[in-house]
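Letters are used for the chains, namely A, B, C and D, taken in the order the chains are written, and counting of residues starts over at 1 for each.
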Amino acid sequence: MNELQSLLHQVAENASEADMTLLKDFLISIQKKQQNTSTTYLNAVLQMDIQFEQDTCIVTFPITPLSFNTFDKPHGGIIATVMDNAMGYLVNKDLRTEGKGAVTTNMNIHYVKAATQESLIATASYLHKGRQTLVLECSVTQPDGKRIAHATGSFFVINPPDSSK
Amino acid sequence: MNELQSLLHQVAENASEADMTLLKDFLISIQKKQQNTSTTYLNAVLQMDIQFEQDTCIVTFPITPLSFNTFDKPHGGIIATVMDNAMGYLVNKDLRTEGKGAVTTNMNIHYVKAATQESLIATASYLHKGRQTLVLECSVTQPDGKRIAHATGSFFVINPPDSSK
Amino acid sequence: MNELQSLLHQVAENASEADMTLLKDFLISIQKKQQNTSTTYLNAVLQMDIQFEQDTCIVTFPITPLSFNTFDKPHGGIIATVMDNAMGYLVNKDLRTEGKGAVTTNMNIHYVKAATQESLIATASYLHKGRQTLVLECSVTQPDGKRIAHATGSFFVINPPDSSK
Amino acid sequence: MNELQSLLHQVAENASEADMTLLKDFLISIQKKQQNTSTTYLNAVLQMDIQFEQDTCIVTFPITPLSFNTFDKPHGGIIATVMDNAMGYLVNKDLRTEGKGAVTTNMNIHYVKAATQESLIATASYLHKGRQTLVLECSVTQPDGKRIAHATGSFFVINPPDSSK
């Protein structure tokens, strides 16, 4: 703990405003994980809000400097992470009732526009529900309605879901 | 700063070993960003080591609980992030000498095996170098040589590289 | 011509019903090409019917033994051909008014179900209209409404459209 | 037969050189199918030559006007057909010894250059051999060595191979 405090002091001395905000965000995200408000560190750190509506899953998340690529735009990999989550959560929510789960086997992403707003919304829905494989699509849009990216994904059903542990 | 210290105390009181390690890692990654050892927070946080060898870019990174999905395996989106980086770094390194840059327009990923080792290696190389578009491939392997994922990506040349800022 | 007649006789002597039907279909398709009812031999041979409705292009085609793979099902490549056409026709119809054209740079196809009916319908629409790149999607369904395949495609604008000739 | 002969006469009267060549090619391809030199009409019509070398499958085919798109270049769908075949033949050859087969579930294609030579060579090899899914890649090159297209494909194992009939 002393080591952490001393490290925090060093970092804080040279900290930009972004550094301080990210530090605070990170501490809060660890707290959320401790309180089981988030199922994974990654969800907590990316501040994902997850909603289910009928046959869709909608994940909203803020753009912070943590997600920036070298052009100070949201990194394509972070957008991929959130799309994979939106599709995967939808699939796993539906399969859990049957005692099953599913893993991503393929994801194809078209990046169509650099994001310019402060949050992004990923909306996932089904293209095909098979017994062994499922295919979904996911669009990422800004609050102004502009599409930033579009993905399709293949998921393979595993049984039981946590066999990999 | 007092707010941060108080938050750190709260978090530390309930912290698991993983929580403490991630906190320390995060503070060190902010420090690296301050010292310009990393170009982005994301690279620092994911602890990416980037090497160029001939016509390839090799990115190595450790698997920590920060990268875990709900099955405690490296998240497909994190693997996508590192592959996008490996391909993008190679492209941008080569274009920089011409005063240009490139952005990802398409990425297709096949996830073939759940990772079981403590680090992963992404190796990117060219499939096609066009004037306006470039196509690359990237494989992610474990230190034991097993392939975890394989991606192909399309990149579109922009001029100047930072026009988006 | 005598050579063709003699070849036709040889082929006809050993012909199955499918052989005879395909021969007749082929002769009719050459005729359609001669009469400019079809723009390409391939469209004529695959008997594609092309319709535009609002912002979509709908291509309908019959399944004949010519399209069969080794499992006597419509070949994935033939389905890809028709999807590429549906997306490409839509893009090129719209760009022609500006004196431009577009070529496919990427196509990703999910095959979700083996076709069981006698015709298929490919419906293409836009996901993104950019200045230099366009992204479309295309679903192939049976008359009974079941989805057989789903594709997304990237198209790159070229100017003039026939510069490649 | 009289109907076919009469149709052949009509077509021949207005035939261009390309028409006559395609007619002859088509008759020969039906003959090959009759003699079981080709397993499908499609292989015969596209004049595919299929070779296996170690862990690859190499399919060579001539570019004829039958394969042309509206720009008089080989149609992306025909290139997709041949790539799907090269990957599928490799997979099915290997699975047949176990009494199994496989179908394409996903194919992603990057088209990188318009073809300019008179034949194309598709070379398929493995990226991953799993128990239930296989991932392959396939490059299409010209005799001059230039790459025209690159694909990756996912295949799903079925047992027995002809269960779909």
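The rule we apply is simple: contacts are C-beta pairs under 8 Å (C-beta built on N, C-alpha and C of every residue); 3 or more make two chains touch, one makes a residue touch a chain.
None of these values were measured; they are calculated from a predicted model.
Chemist: Starting at chain B, figure out the least number of steps needed to reach chain D through touching chains.
Modeler: 1
Chemist: Can you name the chains that touch chain C as well as chain D?
Modeler: A, B
Chemist: Are the two sides of the chain A and chain B contact the same residues or different ones, given that same means over half of the numbers occur on both copies?
Modeler: same
Chemist: Would you kindly tell me how far, in whole Å, the mean C-alpha position of chain D lies from that of chain A?
Modeler: 40
Chemist: Taking the mean of the C-alpha atoms as each chain's centre, how many Å separate chain A from chain B?
Modeler: Comparing mean C-alpha positions, chain B is 15 Å from chain A.
Chemist: List the centre-to-centre spacing of chain A and chain C in whole Å, with centres computed as mean CA coordinates.
Modeler: 38
Chemist: Send over the residues of chain B in touch with two or more other chains.
Modeler: Answer for chain B, listing residues that touch two or more other chains: 105-106, 108, 110, 112, 133, 154.
Chemist: Any idea which chain D residues touch chain A in the complex?
Modeler: 105-106, 108, 132-133, 154, 156
Chemist: In the complex formed with chain D, which residues of chain C make contact?
Modeler: 1, 3-5, 7-8, 10-12, 14-16, 19-20, 22-24, 26-28, 30-31, 33-34, 39-42, 45, 65-73, 75-78, 80-85, 88, 92, 101, 103-112, 114, 161-162, 164-165
Chemist: Per the contact definition, I'd like the list of chain A residues that touch chain C in the complex.
Modeler: Residues in contact with chain C: 106, 108, 110, 112-113, 127-128, 130, 133, 135, 137, 139, 147, 150, 152, 154.
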